[in-house]
Amino acid sequence: MSKNILFSAKNIVKSFHGTQALKEVDLDVYEGEVVGLVGENGAGKSTLMKIIIGVQPQGSGEMYLRGKPFQPHDPLEANAEGIGMVYQEQSLITTLSVGQNLFFGHEKEFMQMGIVNWKKMYAEAAAVLSEVGCEDINPRKKVIDLNFATRQMVEIAKVVNVTKEASTDGKCLILLDEPTSVLNETEVKRLFQEIRKLTAKGHSVIFVSHRLDEVLEISDRIYVYKDGENAGNMNVADATEAILYERMVGHETNSEYYHLDKQVIPKEEVVLEAKDLGCRGKFKHVNFQLHKGEILGFCGVVGSGKEEICSVFCGDESPDFGELIVKGRKTKYSAPYQALNDGILMIPMERMVEGVIRGLSVEDNIALSNAGRLSKRGMISRKRVSEQAVEWIRRLRIKTSGKEELVIQLSGGNQQKVVFARVLASESDVVILNHPTRGVDVGAKEEIYGLIRDMVAEGKSVILLGDTLDECIGMSNRVLIMRDGLVTGELDAAVDAKPSQVSIISMMV
Amino acid sequence: MNKLKTNKAYFATYFSMAVIICLVLIFTIMEKSFINSSNINNLLSDTAPLMIMAAGMTPVILIGSIDLSVGAMCSVSNVLVVSFIMKFKDTIYADWFIMLVTFVTTLVFAVIAGIILGLIHVKLKVPSFIASLAFMSIWNSAALLISNSPISIPKKLWGTIDWYKISIGPLGYPLVIAFLIIIGYYVILTRTSLGRGIYAIGANERAARMSGIAVDRIKITAFAVNGFCAALGAIFLMAKAKSCAPTVGDSFTLMVISAVVLGGTALIGGSGNILNTILGVFIVSIIKNGMNIVSINVYWQKVVFGVVVLIAIAINTDRSSRSFIVK
Amino acid sequence: MEEKNQAALDIREEFAAKVKADNRKEKLMKWAPVGVLAALILVFCILKGRSFLSLSNLVSILNQWSLPLLVALGLTFVIMIGSIDLSIDGTVGMVGSLTAIFVANSKNTVNLGVLGFLLAILCSVVVGFLIGVIHVKFKIPSFMVSFAFMNICIGIGMLSYSGKPATIRDPLMMAIPKASFLGVPVITWIAIAVLVLCYYIQEYTPFGRHVYAVGTDETIPKAVGINVNKVKIKVFTLAGFCYGVAGVIGALRLGQGQIAIGTDQMFPAQAAVVIGGTALTGGKGGVMNTVVGTLIMTVLINGLTMMGVDPNIKTGIQGVIILAAVILTIKHGSAVISK
Amino acid sequence: TDPAKEAAATKEGTPDNGNAGDTDKAAEIADFKIDASQIPQEKLDTTLYVACSIRGLENPYIATIADGMDMFCEYLDSIGQKYEKQVLDSGGSNDVEIDNMKQFAAKAGGDAIAYADPNESAIAPSLAEAMADAGGYLGTAWNKPDDVNPQDYDPNWVIHTSADNVANGKATAEALFESMGGKGKVFVVEGMLGNTASNSRIEGLKDALKEYPDIEVAHQDTGNWATNEALTLVETWLNDTPDVGGVWCANDNMATGALQALDAKGLKGKVGVTGIDANTDIVEGVKDGSVIATVSSNGYLQGGYTLAVCYAVWTGLITTDELPDDYRTFLTPAILVTKDTVDDYVAEYVDSVPEYDFSDIWFCKADK
C-alpha cells in the first residue's frame, strides 16, 4: 500500500438547526485503500459523505484533496475532481434510461451541433457497464423497470465512471454509503470485486455499512464514529466485530446476539394458515401454519416469491388461488387496513416510500397504525400519542431532537426504527417483518431482536424476512425455504438445533 | 428547540393575520368608509358561500387531490334546489317544509355526486385533477339541462329564505354556519383517526396504505364532504340572489382553491390547517371588497388583484421551515 | 420431487408469460391515446361521413388544432416538472390583444409589422420568466403564482384596448390566416415549427433530460449538482413563449385583438396533455403525447359541432369522453397512486 | 328626424293612463327637465357616488355604457355637482354583481345613483334590495323577472329599461331572410347558454322563422358571446353546409368571428351575416355589404339617461310616487342598422359623438 495521502478531513463540524450531526471529526484516506466507516445510526456518516461530495456545506473545518484545500460547492465540482458517491438513498431518476442516468449532468460532453448524440452516449454507457461486470444491463432500459439490486449496480457504475471522467489524471475517491444494504450475497461479491479492481488502480474508497463482517472483509482501515465524534480508527488486522461493536455502542455486547435464551416454544393455537395459496406468476402451492408465539422465517433469493407472499398476508395484494385463514376464519383482503383489523401488520421493505411518512413528525408516525387504541369516544388523545412516542424513542434509542421532529430529518437507520416502533405500537397479533433491521446499527439490532423476542413471549406471532440468512436462522423457530415461487423446504430451528446455512442455501438455489 | 419547532406551525396563522391587518389598514387609509358598519356587515355575511366551499375543499387538498368541479357542482345544486322549489311550491305543504325537503334532497344529491367522483378517482385511478375536470363539464351540462335560464324564487316564498339575512352581532347567519362547520372539521382533522388519515394520505399515500389506513374510504369521504359543502354554498347563493342560475358557480372554482392555498394549505397535500382557510377566504374577499370601495379603475382591478394576491402569498408562506419541494 | 420440478417449471413459465403480457399491455397502453383518436375519427366518419372527412374540414381541423397545440406544448413542459400553470387564459389573451395594437390596426397609429409580433411574444416570455422566478425564489406554489399572473395579464390585455378591440389592418397579417402551403394552413405550419422546436428541446438537449429528472424527483438532480431552479425558470419561460405564439395566432385568426382569445384555453389544454399520456405528477410523457392529446380534443369538438349536438349537453358529452379516454389510457392497479 | 325615435322596437304600446285628470300630469312628467337652479346647494355639495354595474368590459357595446356614464358625469360637472364615479365589473358572475352593488351602496350610504345591467334577470331584485338597504337609487336595464317591478322597491329602484331583445332578434333575422330571398339555409350562433338576452333574441329569431317557412336552420350552437368560438363554429359548419345562405348571430362580437370564418373560405360578402350591438367593425361591414344588419341599442343613452333619471330622484326634483307605471318600466330606442340606414347612422353616431342633453331625462324613452 502506498503511503500518499489522497484526502483528509480535519475538524469537520456540522449542525442542522439544533442537531449537532458532526462535532469535530477527522478522516484520512491514503491512495489505493478502502476505508471502512462504521457507527451507530445517526452517528454522522452520511453527513460527512455529503459534505465531501458537496451536497451539504460543512459548518467548519478543512478538507484537503491531494494536498490542496478542497471545498466543493456542488457535486459536479467534486466529480470534476474525481470524487463520486453512491448515496444511501437511491439517486437514479427512474423515468430516464440507464445510460441517461449514467451521464446525467454530463450530457454536454455528447453534444454535437446542438444535439445530444444519444447513440454515442449509449455506446459509452455500455462500455462503462461492462467494465463493472454488468454487461447484461441494457443501457436503453428505463431505470423504473429494473429491480433494486440492479439499480444499485447502475449507481456503482455511475460512480466508477466518475473516476474516468474526472478532469484530473490523479487518483480518485469513491464514497459508498451503505451500498450493500439492498444487495444479495452474490451481488455483494461482485461489488467487492469491483472495489478491489479500483484500489488496484490506486483509487480509494470510503465504505459505509452496518454489516460489520463486510466491513472487515473489504476494508484496509476502519474508522468508528460515535455521536458525531471519532471513536477510534484501526487497521483491519487489529479489528474484530466485538471491538468495533464496543467502540460503536460504548459497551460490550452483553448478551448473546439473537437472545436465544429467550426463544420460546410456540403454542398449539394456529393464528394464520395458508392453504394452497398462490398468486399468478409469483408463487404457488404454499401451505403452512403460523402458531401463536412463533417466529417463522422465510428464506429465499430474490424472485423466490417470499416478498409477494408477505404482500398477500398484509392485504396489499389479493391471492389468485387458495385460501388464507386467519384465526380460524377464511379471509380475503383487498387493502392493508382490513388485515390490520384482523391484527396483521407488516414492516414494509422500502422504508422511504412505504414505511414512514417523512413529512409527519416522529410521534404521528408512531401513532399511525393504532389510532383506535389512542382514542377515547372517537377523539384521539394527544397526551397518549406523545407518551407513546416518548416511550418508543427511549426503548429503541431513536436519535431525534424530540418527538415533534419531522421524520425526514432523521438519519436513515433512525427512520427505520420509527417504522419498527409504529408496528410494535400497533400491538397487532401477527407481525410481518420484512427486513426489519435493514440499515440499523448493530446496537439497535440487538435491541430489536430483544423486542421481537418479548413480543413473541407476549403471545404474538412473527413472520420474518431476515436481512441476512444468519439473522433469519438465529431468530426463527422454524424456517420455510422458497425457490422459484414454491416452498422447497421447511426446517425446525429450535435453540439447540439451528439448521446450517449450507443446508438452507442448497434448498434456495 | 422543541418550542421553536411547534411555534413554527403557528407562523402561517400569524402571517395570514398580518396580511389581513395590512390590507384592512391600507384600504381604510385610502377610503374611510371601508370600515363603516355596513361594509363590515357585507364582508361578514357575503363571504359565506366562498367560506363554506373553501371549507369543503380543504380536506380534498390535504389528501393531495383537487376538485375542479366544485363550481359546476355548486351551479347544478343551485338550479336543482330552485327547480325543486318551483315544482312543489303549489302543493299543500307549508313553505318551510318545502324548503327543508328541497335543501335536504339537494344536499343528498351533492353528497352522492361527490362519492361518484371519489369512486372514479380512487377505484379507476383517474387523477382527481382530470376526473373533476370531466365532472366540471358534466355538471355544467346538467345544470343547463335542468334549467337553461335563471329562475327567480317567486315573491311569495321570499319569507322562507329570510334567514340568510339574519345576523348574530356583526356576523351573518350563513357565515356562522360556515364557521361552525369549519370548527367541526378542525376537530375531526386534528382529533380523530379520520383526520390523521387525511394528513397521512396527503403526505405519503403508499405509506399510509401500508400502515393500515383505509385510504380509499377516507379519500371518498373527503370528496363527499366537498360535494356537501358545494351544495350548501349553492343554497346560500340561492338565498342571497333569491334565484338560481346555471352558471352561478363558474367563477368560484379557482377562487375557492386559491383561498385554501392562501390559507397555507399545501397543494401537494399533507400539511395545512383548516382554521387558516378562514383567513385565506378573508384575504380574497377583503381584496375584492376593498378594490370596489376604494374604486380602483375597473381596467386596473384585475392587475391589482393579481399583484396583491402575489404579495399576500409571498408574505404568507413560511419559507424558513420549508424543507419540502414546492410544485 | 419430479412433480415439484414440474410445478416449478410451471410457475416459471407462468411468470414469463405474465411479464410478457404485462410488457405487451404496457406497449399497448402507450398507443392507447392514438387508439382513442382513431376511434373518434371512425365514429365521426360513420356518423357524418362525407363532410367530416372532406378536405375542407381537415383543413379546418388543422386550423382549429394550431392554437390548442401551441398552448398545450408549453403546458406539457410545465406539467412534466410537476408544476401547473393557470396563467394561460391571461397570457394568450394578453398577447392576442397586444399583437393587434402593435401592428397596423384600426385603433392607433402604431405599425411595427413583424416586430410587433415579436414584441407581443416577448411580453409573454417575460411573464413566463417572472412566474418561474417568483415561483422558485419565493417558494410559492406555481398554482398561486400563475393564478395571480392570469389576473394581471387579463388586466393588461383589457387595458390595452379599453373595451374597443383593435382590428388588424396590416395586409400581411390579414393574409396569413387565409394562406396555406402544401395544402396545410400557414398557421398550422407555425404551430408545427414550434412543435419541432419543443421536440428538439425535449429529446436532444441536456435541458430536456433535466426536465424529466426534476419532475421525477428533484432531490436527485439537486444532489447531482443540476441547478433545479434554473431548469424550472427555463420551463416557465419556454411555456410563455409557446403561449405567446398561440396568442399571435389567435389574433391573426380573429383579425382582431381581444382578451377572449385566451378565454377557456387552460382547462382543455390540461385535459389534452393528460389524455395524451403525460402524468400530472411529472416526469412522464412528452410533446408527442400532447400532439395526440390535442388532436383528440380538437377532433372531438369539431365532430360534435359538425353533428349539431344540443349545445346544452355538448360540454357534458365532452366531459364523459375525456373521462373515458383517460380511464382507457392510464395505468390502473393497486400500486398506482393517483393524486 | 331623430333616429332615436325610429325605434325598431315598438312591440308594447303605451298603456292607457286612465282618466283625463292624469293626462295633464302625464304631460307634465313627459316634459320634465332638470332645472339645475332648483337643486339645493347642499345636494350639490354632497359627494354623490355614481356607478354603473356591468358584466365585463371586453364587449365593446358594454364599454359604451361606461362611456355613457362618463358623458353624464360631464353634465354633473357642468351643473357643479360634486361626485365620484366608478365602474363595477361583475365579470359575468351573479354573485359578484350582488356583492359589488352591496359594497358600493354600503360605501355611499344614501348618496348613490347607479345603473345596473343585471347579469341575469333573477338578480335584479337583489341588486335593488342592496340599494334599498342603503338608501341609494338604482336604474336597471335589460334583465328583470316579470313578476318583480321597480315599484316593489320604492323609491330606491327608480326605473327599469330595456331594448326589446325579441324585437331586435326578429328584426335582424327578417333583414337576413329578406336578403336571402326568403329561402335557404342559415347558421344560428347563440349567445351564452342560459342568458336572458340571448334567449330572447333567439325567441325573436324563431318568430321570424315562422314567417319564412322556406328558411332552414342548418346549424345552431352557442358561441358564448365570443368571437373566437363563433369563428370555430362557423368554420366547422361551412365544411358540412357550404351552400349556406346566411349567418345569424346573437351579437356583433360573434358576427366578427363569423365574418372571419367566411372570409377564410372566400365567402365574405356572398353569405350575409347579422349581429346586434352595432360594433364599429360590424357597422363598417354593413357599409361594404358583408353584414346585412345589426342593431344599435345605444349604450351612451342607456347608461347616461338611466343615471339622469336616478339623479333627478336623488335631488328631489321628482319623486317616484308621481311617476306612472310606464315611466318606471319602459323600452329604450334601438336603431336597426342596414344598408339603407347605415349612412345616417354613421353620420350621427360614429363620425360625431352625439350631443346629449341629460336634463331632458326621458329622452331615452322609446315611445316618448
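So that you can tell them apart, the chains are marked A, B, C and D in the order they are listed, and the count of residues begins at 1 in each.
Criterion: a residue touches a chain if its C-beta (ideal position, glycine included) is under 8 Å from a C-beta of that chain, and two chains touch if they have at least 3 such contacts.
Bear in mind that the values here come from a model prediction, so they are computed numbers and not experimental data.
Enquirer: Kindly indicate the chain pair that has more C-beta pairs in contact than all others.
Expert: Chain pair with the maximum contact count: B-C.
Enquirer: Counting in whole Å, what is the centre-to-centre distance of chain C and chain D, each centre being its mean C-alpha position?
Expert: Chain C and chain D have C-alpha centres separated by 39 Å.
Enquirer: Report, in whole Å, the distance between the mean C-alpha point of chain B and the mean C-alpha point of chain C.
Expert: 29
Enquirer: Please compute the C-alpha centroid of chain B, do the same for chain D, then give the distance between them in whole Å.
Expert: Each chain reduced to its C-alpha mean, chain B and chain D end up 35 Å apart.
Enquirer: Specify, in ascending order, the residues of chain C that touch 2 or more different other chains.
Expert: Counting only residues that touch two or more other chains, chain C contributes 158, 162, 312, 314.
Enquirer: Multi-chain contacts in chain A: which residues touch at least two other chains?
Expert: 316
Enquirer: What are the residue numbers in chain B that touch two or more other chains?
Expert: 144, 148, 206, 299, 301
Enquirer: Would you please name all pairs of chains that touch?
Expert: Touching chain pairs, listed by label, are A-B, A-C, B-C, B-D, C-D.
Enquirer: Quick one: which bits of chain C touch chain B in the complex? Just the residue numbers, please.
Expert: 82-84, 86, 134-136, 138-145, 147-156, 158-159, 162, 218-219, 267, 270-271, 274-275, 279-282, 312-320, 322-323, 326-327, 330-333, 336-339
Enquirer: Quick check: in the complex, which residue numbers of chain B touch chain A?
Expert: My answer: residues 1-2, 5-6, 187, 191-193, 196-197, 199-200, 203-204, 206-216, 270-271, 323-324.
Enquirer: Within the complex, which stretch of chain C touches chain A?
Expert: Within the complex, chain C touches chain A at residues 4, 7-8, 10-12, 14-15, 17-19, 200, 204-206, 209, 212-213, 215-217, 220-226, 283-284, 334.
Enquirer: Taking the touch rule as given, give the residues of chain B at its contact with chain D in the complex, in rising order.
Expert: Residues 31, 33-34, 36, 38-39, 41-42, 46, 49, 144, 147-152, 154-155, 237, 240-248, 250-252, 288-289, 292-293, 295, 297-299, 301.
Enquirer: Per the contact definition, I'd like the list of chain A residues that touch chain C in the complex.
Expert: The touching residues are 54-55, 74-77, 79, 87, 91-96, 100, 104-105, 107-108, 111, 114-116, 118, 280-285, 316-317, 483-486, 488.
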